[in-house]
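Both of the next two complexes hold chain A, though its partner changes from chain B to chain C.
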Partner chain A sequence: MKYALAVYGAAGTGGQSSQTALSFARALLASGHEIIRVFFYQDGVHNASGLISPPQDEQNLPEQWQNLVKEHNIDAVVCIAAALRRGVVNAEEAQRYELPGSNLREGYELSGLGQLLEATVEADRFVTFGD
Partner chain B sequence: MATLHTVNKTGQPLELCLRALNAGDSVLLLEEGVYALYEAGDVLSELLRHVAVHVLDADVLARGMTNRDNLDIDMIDYQGFVELTETNDKVVSWF
Partner chain C sequence: MSQSICIISTQAPYRGQFAKEALDAALVSASYEIPTSLLLMGDGVYQVLEGQSPDQLGRKNIASMFQSLELYGIETVYIDGESLGERGIAPEQLLPLYTLLEGDAVASFLAQQDKVLSF
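Let's turn to the complex of A and B:
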(Lines of atoms letter the chains of each structure in order from A and count residues from 1; the text may use other names and numbers.)
(Lines give C-alpha, C1' and ligand atoms only; values in the text may rest on other atoms or scores of the structure.)
Protein backbone atom coordinates (compact mmCIF):
# COMPACT_ATOMS: atom_id res chain seq x y z
CA MET A 1 0.00 0.00 0.00
CA LYS A 2 0.95 3.63 -0.38
CA TYR A 3 1.77 5.41 2.86
CA ALA A 4 2.36 9.06 3.69
CA LEU A 5 3.83 10.13 7.03
CA ALA A 6 3.86 13.43 8.89
CA VAL A 7 6.58 14.01 11.49
CA TYR A 8 6.01 16.75 14.08
CA GLY A 9 9.10 16.46 16.26
CA ALA A 10 12.86 16.03 16.27
CA ALA A 11 15.46 15.05 18.86
CA GLY A 12 15.52 17.84 21.44
CA THR A 13 11.99 19.08 20.84
CA GLY A 14 10.50 17.21 23.77
CA GLY A 15 9.03 14.01 22.40
CA GLN A 16 10.25 10.95 20.58
CA SER A 17 8.08 11.18 17.49
CA SER A 18 11.03 11.40 15.11
CA GLN A 19 12.44 8.10 16.39
CA THR A 20 9.03 6.42 16.32
CA ALA A 21 8.33 7.63 12.79
CA LEU A 22 11.75 6.45 11.60
CA SER A 23 11.28 2.98 13.09
CA PHE A 24 7.79 2.80 11.61
CA ALA A 25 9.06 3.89 8.19
CA ARG A 26 11.71 1.14 8.25
CA ALA A 27 9.11 -1.45 9.22
CA LEU A 28 6.84 -0.24 6.40
CA LEU A 29 9.56 -0.63 3.80
CA ALA A 30 10.54 -4.03 5.21
CA SER A 31 6.90 -5.11 4.70
CA GLY A 32 7.02 -4.09 1.06
CA HIS A 33 4.92 -0.94 1.37
CA GLU A 34 5.66 2.26 -0.48
CA ILE A 35 6.23 5.60 1.26
CA ILE A 36 5.04 8.24 -1.18
CA ARG A 37 5.96 11.19 1.02
CA VAL A 38 7.32 12.13 4.43
CA PHE A 39 6.20 15.59 5.46
CA PHE A 40 8.26 17.27 8.18
CA TYR A 41 6.06 19.75 9.99
CA GLN A 42 6.38 22.09 12.99
CA ASP A 43 9.44 21.10 15.09
CA GLY A 44 9.91 18.11 12.78
CA VAL A 45 11.70 20.41 10.34
CA HIS A 46 14.83 20.14 12.52
CA ASN A 47 15.27 16.60 11.18
CA ALA A 48 16.26 18.16 7.87
CA SER A 49 18.92 20.42 9.35
CA GLY A 50 22.53 19.67 8.52
CA LEU A 51 23.74 21.52 11.62
CA ILE A 52 22.48 19.13 14.29
CA SER A 53 25.22 17.43 16.32
CA PRO A 54 23.76 15.01 18.87
CA PRO A 55 25.94 13.76 21.76
CA GLN A 56 28.06 10.81 20.66
CA ASP A 57 26.18 8.32 22.82
CA GLU A 58 22.89 9.23 21.18
CA GLN A 59 21.49 8.30 17.82
CA ASN A 60 21.91 10.80 15.02
CA LEU A 61 18.32 10.91 13.82
CA PRO A 62 18.77 13.59 11.13
CA GLU A 63 21.54 11.50 9.59
CA GLN A 64 19.50 8.30 9.82
CA TRP A 65 16.50 9.99 8.20
CA GLN A 66 18.66 11.30 5.41
CA ASN A 67 20.12 7.83 4.79
CA LEU A 68 16.63 6.35 4.58
CA VAL A 69 15.44 9.14 2.27
CA LYS A 70 18.43 8.62 -0.02
CA GLU A 71 18.41 4.85 0.01
CA HIS A 72 14.71 4.56 -0.82
CA ASN A 73 14.42 7.70 -2.88
CA ILE A 74 11.68 9.01 -0.59
CA ASP A 75 9.94 12.29 -1.38
CA ALA A 76 10.94 14.24 1.75
CA VAL A 77 9.12 17.55 2.08
CA VAL A 78 9.84 20.13 4.76
CA CYS A 79 7.18 22.70 5.59
CA ILE A 80 8.65 25.96 4.39
CA ALA A 81 6.84 28.24 6.86
CA ALA A 82 7.80 26.03 9.81
CA ALA A 83 11.37 25.77 8.51
CA LEU A 84 11.95 29.47 7.91
CA ARG A 85 10.92 30.44 11.43
CA ARG A 86 13.24 27.77 12.86
CA GLY A 87 16.26 28.58 10.74
CA VAL A 88 16.14 25.61 8.39
CA VAL A 89 16.81 27.00 4.91
CA ASN A 90 18.20 25.98 1.56
CA ALA A 91 20.56 28.15 -0.48
CA GLU A 92 17.72 29.77 -2.40
CA GLU A 93 15.86 30.90 0.73
CA ALA A 94 19.12 31.97 2.39
CA GLN A 95 19.71 34.27 -0.54
CA ARG A 96 16.13 35.54 -0.59
CA TYR A 97 16.21 36.46 3.11
CA GLU A 98 19.89 37.49 3.06
CA LEU A 99 20.87 34.90 5.66
CA PRO A 100 24.51 34.05 6.45
CA GLY A 101 24.19 30.41 5.40
CA SER A 102 21.97 27.48 4.53
CA ASN A 103 21.60 24.11 6.23
CA LEU A 104 18.89 22.03 4.52
CA ARG A 105 20.18 18.52 3.97
CA GLU A 106 20.47 17.14 0.48
CA GLY A 107 17.43 15.17 -0.63
CA TYR A 108 14.86 17.41 1.09
CA GLU A 109 12.55 19.94 -0.47
CA LEU A 110 11.05 23.04 1.16
CA SER A 111 7.41 23.36 0.23
CA GLY A 112 3.96 24.21 1.54
CA LEU A 113 1.04 22.51 3.23
CA GLY A 114 -0.44 21.72 -0.19
CA GLN A 115 2.11 18.90 -0.32
CA LEU A 116 0.72 17.52 2.94
CA LEU A 117 -2.83 17.71 1.63
CA GLU A 118 -1.85 16.03 -1.61
CA ALA A 119 -0.09 13.23 0.29
CA THR A 120 -3.21 12.53 2.37
CA VAL A 121 -5.28 12.31 -0.83
CA GLU A 122 -2.86 10.13 -2.80
CA ALA A 123 -1.87 7.71 -0.04
CA ASP A 124 -3.87 4.67 1.04
CA ARG A 125 -2.80 5.35 4.61
CA PHE A 126 -1.68 8.55 6.28
CA VAL A 127 0.01 8.36 9.69
CA THR A 128 0.82 11.37 11.86
CA PHE A 129 3.63 11.22 14.41
CA GLY A 130 2.81 14.01 16.84
CA ASP A 131 5.52 15.03 19.27
CA MET B 1 -15.02 1.51 8.94
CA ALA B 2 -12.42 0.62 11.56
CA THR B 3 -9.96 3.19 12.81
CA LEU B 4 -6.63 2.76 14.55
CA HIS B 5 -6.09 5.35 17.28
CA THR B 6 -2.51 5.93 18.38
CA VAL B 7 -2.03 7.60 21.76
CA ASN B 8 1.42 8.87 22.71
CA LYS B 9 0.56 10.48 26.08
CA THR B 10 -1.75 9.86 28.98
CA GLY B 11 -3.92 12.73 30.18
CA GLN B 12 -5.85 14.78 27.66
CA PRO B 13 -4.82 12.92 24.48
CA LEU B 14 -5.95 9.61 26.00
CA GLU B 15 -9.16 11.12 27.38
CA LEU B 16 -10.07 12.66 24.03
CA CYS B 17 -9.31 9.39 22.28
CA LEU B 18 -11.64 7.50 24.62
CA ARG B 19 -14.49 9.80 23.65
CA ALA B 20 -13.89 9.24 19.95
CA LEU B 21 -13.75 5.44 19.93
CA ASN B 22 -16.26 3.36 18.05
CA ALA B 23 -16.88 -0.37 18.41
CA GLY B 24 -14.43 -2.29 16.26
CA ASP B 25 -11.69 0.34 16.55
CA SER B 26 -8.20 -0.42 17.81
CA VAL B 27 -6.00 1.57 20.18
CA LEU B 28 -2.22 1.55 20.14
CA LEU B 29 -0.47 2.98 23.18
CA LEU B 30 3.02 4.18 22.37
CA GLU B 31 5.74 6.49 23.69
CA GLU B 32 4.57 8.08 26.99
CA GLY B 33 1.12 6.65 26.28
CA VAL B 34 2.26 3.25 27.57
CA TYR B 35 1.95 4.68 31.10
CA ALA B 36 -1.78 4.16 30.62
CA LEU B 37 -0.99 0.57 31.63
CA TYR B 38 -0.85 1.92 35.19
CA GLU B 39 -3.36 4.73 34.88
CA ALA B 40 -5.26 5.45 38.08
CA GLY B 41 -8.96 4.64 37.95
CA ASP B 42 -8.21 1.82 35.58
CA VAL B 43 -9.34 3.47 32.42
CA LEU B 44 -7.71 0.64 30.61
CA SER B 45 -9.75 -2.28 31.90
CA GLU B 46 -12.89 -0.36 30.99
CA LEU B 47 -11.42 0.35 27.59
CA LEU B 48 -10.53 -3.29 27.01
CA ARG B 49 -14.17 -4.28 27.18
CA HIS B 50 -14.97 -2.22 24.08
CA VAL B 51 -11.96 -2.11 21.77
CA ALA B 52 -8.73 -3.95 21.05
CA VAL B 53 -5.81 -2.37 22.91
CA HIS B 54 -2.18 -2.84 21.91
CA VAL B 55 1.07 -1.47 23.34
CA LEU B 56 4.34 -0.92 21.53
CA ASP B 57 6.95 -3.23 23.10
CA ALA B 58 9.96 -0.96 22.54
CA ASP B 59 8.29 1.86 24.51
CA VAL B 60 7.19 -0.46 27.33
CA LEU B 61 10.70 -1.89 27.67
CA ALA B 62 12.38 1.54 27.43
CA ARG B 63 10.41 2.62 30.50
CA GLY B 64 11.16 -0.47 32.54
CA MET B 65 7.51 -1.41 32.60
CA THR B 66 6.04 -4.82 32.10
CA ASN B 67 2.77 -5.68 30.54
CA ARG B 68 0.12 -6.05 33.22
CA ASP B 69 -0.43 -9.75 33.38
CA ASN B 70 -3.97 -9.52 34.72
CA LEU B 71 -5.00 -7.58 31.63
CA ASP B 72 -4.90 -9.18 28.26
CA ILE B 73 -3.05 -6.49 26.37
CA ASP B 74 -1.30 -7.28 23.14
CA MET B 75 2.37 -6.24 23.08
CA ILE B 76 3.42 -5.60 19.51
CA ASP B 77 6.58 -4.54 17.70
CA TYR B 78 6.84 -2.10 14.78
CA GLN B 79 5.89 -4.87 12.40
CA GLY B 80 2.69 -5.28 14.38
CA PHE B 81 2.15 -1.51 14.22
CA VAL B 82 2.38 -1.73 10.43
CA GLU B 83 -0.13 -4.58 10.39
CA LEU B 84 -2.59 -2.53 12.45
CA THR B 85 -2.40 0.25 9.87
CA GLU B 86 -3.11 -2.33 7.15
CA THR B 87 -6.17 -3.84 8.82
CA ASN B 88 -7.70 -0.51 9.87
CA ASP B 89 -8.97 1.90 7.23
CA LYS B 90 -7.68 5.04 8.89
CA VAL B 91 -5.18 6.08 11.52
CA VAL B 92 -5.95 8.87 13.98
CA SER B 93 -3.10 10.11 16.16
CA TRP B 94 -3.77 11.63 19.58
CA PHE B 95 -0.82 13.61 20.91
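Let's turn to the complex of A and C:
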Protein backbone atom coordinates (compact mmCIF):
# COMPACT_ATOMS: atom_id res chain seq x y z
CA MET A 1 0.00 0.00 0.00
CA LYS A 2 1.12 3.60 -0.61
CA TYR A 3 1.58 5.54 2.60
CA ALA A 4 2.26 9.20 3.24
CA LEU A 5 3.28 10.44 6.70
CA ALA A 6 3.08 13.87 8.27
CA VAL A 7 5.22 14.67 11.30
CA TYR A 8 4.19 17.67 13.42
CA GLY A 9 6.30 17.12 16.54
CA ALA A 10 9.91 18.17 17.18
CA ALA A 11 12.65 15.58 17.58
CA GLY A 12 12.77 14.34 21.15
CA THR A 13 11.58 17.59 22.72
CA GLY A 14 8.09 17.74 21.27
CA GLY A 15 6.51 14.64 22.72
CA GLN A 16 6.67 11.15 21.32
CA SER A 17 5.44 11.84 17.79
CA SER A 18 8.76 11.97 15.94
CA GLN A 19 9.94 8.70 17.49
CA THR A 20 6.60 7.01 16.82
CA ALA A 21 6.57 8.19 13.22
CA LEU A 22 10.10 6.90 12.70
CA SER A 23 9.23 3.48 14.14
CA PHE A 24 6.07 3.38 12.04
CA ALA A 25 8.00 4.28 8.89
CA ARG A 26 10.51 1.49 9.55
CA ALA A 27 7.72 -0.99 10.16
CA LEU A 28 5.99 0.03 6.93
CA LEU A 29 9.11 -0.53 4.87
CA ALA A 30 9.86 -3.81 6.61
CA SER A 31 6.35 -4.98 5.71
CA GLY A 32 6.82 -4.15 2.05
CA HIS A 33 4.74 -0.99 1.93
CA GLU A 34 5.76 2.09 0.02
CA ILE A 35 6.24 5.51 1.61
CA ILE A 36 5.50 8.07 -1.08
CA ARG A 37 6.37 11.06 1.10
CA VAL A 38 7.19 12.15 4.63
CA PHE A 39 6.11 15.74 5.20
CA PHE A 40 7.52 17.67 8.15
CA TYR A 41 5.27 20.49 9.33
CA GLN A 42 4.85 22.69 12.39
CA ASP A 43 7.52 21.81 15.01
CA GLY A 44 8.23 18.66 12.99
CA VAL A 45 10.58 20.72 10.82
CA HIS A 46 13.18 20.45 13.61
CA ASN A 47 13.63 16.79 12.66
CA ALA A 48 15.47 17.99 9.55
CA SER A 49 17.91 20.20 11.44
CA GLY A 50 21.55 19.28 11.36
CA LEU A 51 22.27 21.27 14.51
CA ILE A 52 20.45 19.10 17.04
CA SER A 53 23.02 17.42 19.27
CA PRO A 54 21.52 15.36 22.08
CA PRO A 55 23.87 13.90 24.73
CA GLN A 56 25.86 10.98 23.35
CA ASP A 57 24.06 8.36 25.45
CA GLU A 58 20.71 9.42 23.99
CA GLN A 59 19.37 8.68 20.55
CA ASN A 60 19.71 11.29 17.83
CA LEU A 61 16.33 11.30 16.11
CA PRO A 62 17.22 13.72 13.29
CA GLU A 63 20.21 11.55 12.43
CA GLN A 64 18.08 8.39 12.47
CA TRP A 65 15.49 10.04 10.24
CA GLN A 66 18.18 11.10 7.81
CA ASN A 67 19.61 7.59 7.69
CA LEU A 68 16.18 6.17 6.89
CA VAL A 69 15.54 8.85 4.26
CA LYS A 70 18.88 8.16 2.57
CA GLU A 71 18.75 4.39 2.82
CA HIS A 72 15.29 4.12 1.27
CA ASN A 73 15.49 7.20 -0.92
CA ILE A 74 12.37 8.61 0.74
CA ASP A 75 10.83 11.80 -0.59
CA ALA A 76 11.31 13.91 2.57
CA VAL A 77 9.75 17.35 2.34
CA VAL A 78 9.99 20.11 4.94
CA CYS A 79 7.42 22.90 4.89
CA ILE A 80 9.36 25.99 3.89
CA ALA A 81 7.18 28.51 5.73
CA ALA A 82 7.20 26.49 8.95
CA ALA A 83 10.95 25.88 8.62
CA LEU A 84 11.93 29.51 8.02
CA ARG A 85 9.89 30.54 11.06
CA ARG A 86 11.80 28.02 13.19
CA GLY A 87 15.30 28.53 11.86
CA VAL A 88 15.61 25.46 9.66
CA VAL A 89 17.09 26.62 6.35
CA ASN A 90 19.15 25.39 3.44
CA ALA A 91 22.02 27.31 1.91
CA GLU A 92 19.80 28.91 -0.72
CA GLU A 93 17.33 30.32 1.82
CA ALA A 94 20.17 31.37 4.13
CA GLN A 95 21.54 33.45 1.29
CA ARG A 96 18.12 34.84 0.35
CA TYR A 97 17.39 36.02 3.91
CA GLU A 98 21.00 36.90 4.69
CA LEU A 99 21.19 34.44 7.58
CA PRO A 100 24.50 33.53 9.23
CA GLY A 101 24.29 29.84 8.34
CA SER A 102 22.20 26.92 7.14
CA ASN A 103 21.27 23.65 8.85
CA LEU A 104 18.91 21.61 6.68
CA ARG A 105 20.18 18.06 6.49
CA GLU A 106 21.08 16.57 3.13
CA GLY A 107 18.30 14.54 1.55
CA TYR A 108 15.48 16.91 2.53
CA GLU A 109 13.65 19.35 0.30
CA LEU A 110 12.17 22.65 1.44
CA SER A 111 8.84 23.10 -0.30
CA GLY A 112 5.29 24.32 0.15
CA LEU A 113 2.22 22.95 1.85
CA GLY A 114 0.93 21.85 -1.52
CA GLN A 115 3.25 18.84 -1.16
CA LEU A 116 1.35 17.83 1.98
CA LEU A 117 -2.03 18.08 0.31
CA GLU A 118 -0.79 16.28 -2.79
CA ALA A 119 0.49 13.44 -0.61
CA THR A 120 -2.86 13.11 1.20
CA VAL A 121 -4.61 12.71 -2.12
CA GLU A 122 -2.13 10.36 -3.77
CA ALA A 123 -1.55 8.00 -0.85
CA ASP A 124 -3.78 5.06 0.00
CA ARG A 125 -3.20 5.86 3.66
CA PHE A 126 -2.17 9.17 5.14
CA VAL A 127 -1.02 9.11 8.77
CA THR A 128 -0.33 12.11 10.99
CA PHE A 129 2.00 12.15 13.99
CA GLY A 130 1.80 14.92 16.57
CA ASP A 131 -0.85 17.31 17.83
CA MET B 1 -7.75 15.70 -7.05
CA SER B 2 -11.44 15.66 -6.29
CA GLN B 3 -11.30 13.93 -2.91
CA SER B 4 -12.61 16.04 -0.07
CA ILE B 5 -10.38 17.15 2.77
CA CYS B 6 -11.45 18.37 6.17
CA ILE B 7 -8.99 20.36 8.28
CA ILE B 8 -9.73 20.15 12.01
CA SER B 9 -8.23 22.96 14.04
CA THR B 10 -8.22 22.28 17.77
CA GLN B 11 -5.91 24.83 19.40
CA ALA B 12 -6.46 28.31 20.82
CA PRO B 13 -5.75 31.14 18.34
CA TYR B 14 -2.48 32.42 19.81
CA ARG B 15 -1.02 29.19 21.15
CA GLY B 16 2.15 29.14 19.12
CA GLN B 17 1.46 28.89 15.40
CA PHE B 18 -1.02 26.01 15.57
CA ALA B 19 -4.08 27.96 14.45
CA LYS B 20 -2.30 29.83 11.67
CA GLU B 21 -0.61 26.70 10.32
CA ALA B 22 -3.93 24.84 10.28
CA LEU B 23 -5.51 27.74 8.41
CA ASP B 24 -2.61 27.79 5.95
CA ALA B 25 -3.21 24.11 5.25
CA ALA B 26 -6.89 24.82 4.58
CA LEU B 27 -6.09 27.73 2.27
CA VAL B 28 -3.51 25.78 0.29
CA SER B 29 -5.86 22.82 0.02
CA ALA B 30 -8.64 25.03 -1.33
CA SER B 31 -6.25 26.77 -3.71
CA TYR B 32 -5.47 23.34 -5.20
CA GLU B 33 -9.19 23.13 -5.92
CA ILE B 34 -9.60 20.28 -3.47
CA PRO B 35 -13.06 20.45 -1.87
CA THR B 36 -11.98 21.71 1.55
CA SER B 37 -13.78 22.27 4.80
CA LEU B 38 -12.57 23.63 8.10
CA LEU B 39 -13.89 22.37 11.43
CA LEU B 40 -13.11 24.07 14.74
CA MET B 41 -13.18 21.86 17.81
CA GLY B 42 -11.89 22.10 21.37
CA ASP B 43 -10.01 25.34 22.06
CA GLY B 44 -10.06 25.90 18.30
CA VAL B 45 -13.49 27.51 18.69
CA TYR B 46 -11.80 30.54 20.31
CA GLN B 47 -10.31 31.34 16.89
CA VAL B 48 -13.56 32.87 15.64
CA LEU B 49 -14.48 34.88 18.72
CA GLU B 50 -15.36 38.40 17.76
CA GLY B 51 -13.43 41.34 19.25
CA GLN B 52 -9.96 39.83 19.48
CA SER B 53 -7.10 42.33 19.90
CA PRO B 54 -3.92 40.30 19.64
CA ASP B 55 -1.95 43.39 18.67
CA GLN B 56 -1.16 43.62 22.39
CA LEU B 57 0.70 40.33 21.91
CA GLY B 58 2.38 41.57 18.78
CA ARG B 59 0.36 39.01 16.83
CA LYS B 60 -1.79 39.31 13.74
CA ASN B 61 -5.54 38.90 14.19
CA ILE B 62 -6.45 35.38 13.19
CA ALA B 63 -10.06 36.42 12.66
CA SER B 64 -9.05 38.52 9.66
CA MET B 65 -7.55 35.40 8.09
CA PHE B 66 -10.88 33.64 8.50
CA GLN B 67 -12.52 36.43 6.55
CA SER B 68 -10.27 35.65 3.59
CA LEU B 69 -11.39 32.00 3.45
CA GLU B 70 -14.32 32.87 1.22
CA LEU B 71 -11.97 34.15 -1.48
CA TYR B 72 -10.55 30.63 -1.65
CA GLY B 73 -13.95 29.00 -1.90
CA ILE B 74 -14.34 28.02 1.75
CA GLU B 75 -17.67 29.64 2.40
CA THR B 76 -18.37 28.44 5.90
CA VAL B 77 -16.47 27.30 8.95
CA TYR B 78 -17.90 24.34 10.80
CA ILE B 79 -17.99 24.60 14.56
CA ASP B 80 -18.51 21.86 17.10
CA GLY B 81 -21.42 23.04 19.25
CA GLU B 82 -20.36 20.91 22.19
CA SER B 83 -16.94 22.62 22.34
CA LEU B 84 -18.73 25.99 22.47
CA GLY B 85 -20.98 24.80 25.28
CA GLU B 86 -18.09 23.43 27.33
CA ARG B 87 -16.43 26.86 27.17
CA GLY B 88 -19.53 28.92 27.86
CA ILE B 89 -19.41 30.61 24.47
CA ALA B 90 -22.67 31.69 22.86
CA PRO B 91 -22.90 31.45 19.05
CA GLU B 92 -23.68 35.21 18.99
CA GLN B 93 -20.12 35.90 20.20
CA LEU B 94 -18.65 34.44 17.03
CA LEU B 95 -17.88 35.94 13.65
CA PRO B 96 -20.93 35.38 11.44
CA LEU B 97 -19.32 32.89 9.06
CA TYR B 98 -19.94 29.56 10.69
CA THR B 99 -22.17 26.51 10.54
CA LEU B 100 -22.87 24.97 13.91
CA LEU B 101 -22.70 21.19 14.13
CA GLU B 102 -24.62 19.85 17.11
CA GLY B 103 -24.31 16.42 18.69
CA ASP B 104 -23.94 13.56 16.23
CA ALA B 105 -23.68 15.98 13.32
CA VAL B 106 -19.90 16.21 13.82
CA ALA B 107 -19.47 12.45 13.44
CA SER B 108 -21.67 12.26 10.36
CA PHE B 109 -19.93 15.30 8.86
CA LEU B 110 -16.50 13.69 9.30
CA ALA B 111 -17.80 10.40 7.92
CA GLN B 112 -18.52 12.20 4.62
CA GLN B 113 -14.89 13.32 4.22
CA ASP B 114 -12.31 11.39 2.22
CA LYS B 115 -9.35 12.75 4.21
CA VAL B 116 -9.16 14.44 7.61
CA LEU B 117 -6.14 16.43 8.80
CA SER B 118 -6.16 17.33 12.47
CA PHE B 119 -4.08 20.16 13.91
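One rule holds for everything that comes next: the second predicted complex is superposed on the first by the 128 of 131 C-alpha atoms of A that agree within 3 Å, B and C clash if a C-alpha of one lies under 4 Å from a C-alpha of the other, contacts with A are read in each partner's own complex, and residues count from 1 in each chain.
Methods note: a residue touches a chain if its C-beta (ideal position, glycine included) is under 8 Å from a C-beta of that chain, and two chains touch if they have at least 3 such contacts.
Source: prediction; values computed, not measured.
In the superposition on chain A, A:Y8 makes contact with both chain B and chain C.
In the superposition on chain A, no contact is made by A:N60 with either chain B or chain C. By the document's definition of touching, of the two partners only chain B reaches A:F24; chain C does not.
Of the two partner chains placed by superposition, chain B and chain C are both touched by A:F126.
Of the two partner chains placed by superposition, only chain C is touched by A:L113; chain B is not. Applying the stated contact rule after C-alpha superposition, one finds that A:Y41 touches chain C and leaves chain B untouched. After overlaying the two complexes on the shared chain, residue contacts for A:S102 are found with neither chain B nor chain C. The interface of chain A with chain B overlaps its interface with chain C at residues 8, 126, 128, 131.
Residues 1, 3, 5, 10-11, 17-18, 21, 24-25, 28-29, 32, 34, 115, 117-119 of chain C are the ones that touch chain A when the two sit in their complex.
Residue ranges of chain A in contact with chain C, taken from their complex: 6, 8, 41-42, 81-82, 85, 112-114, 116-118, 120-121, 126, 128, 131. Residues of chain B that touch chain A in their complex: 6, 8, 30-32, 58, 77-79, 81-82, 85-86, 90-91, 93-95. On chain A, the positions that touch chain B within their shared complex are 1, 3, 8, 15-17, 20, 23-24, 26-28, 30-31, 33, 125-131.
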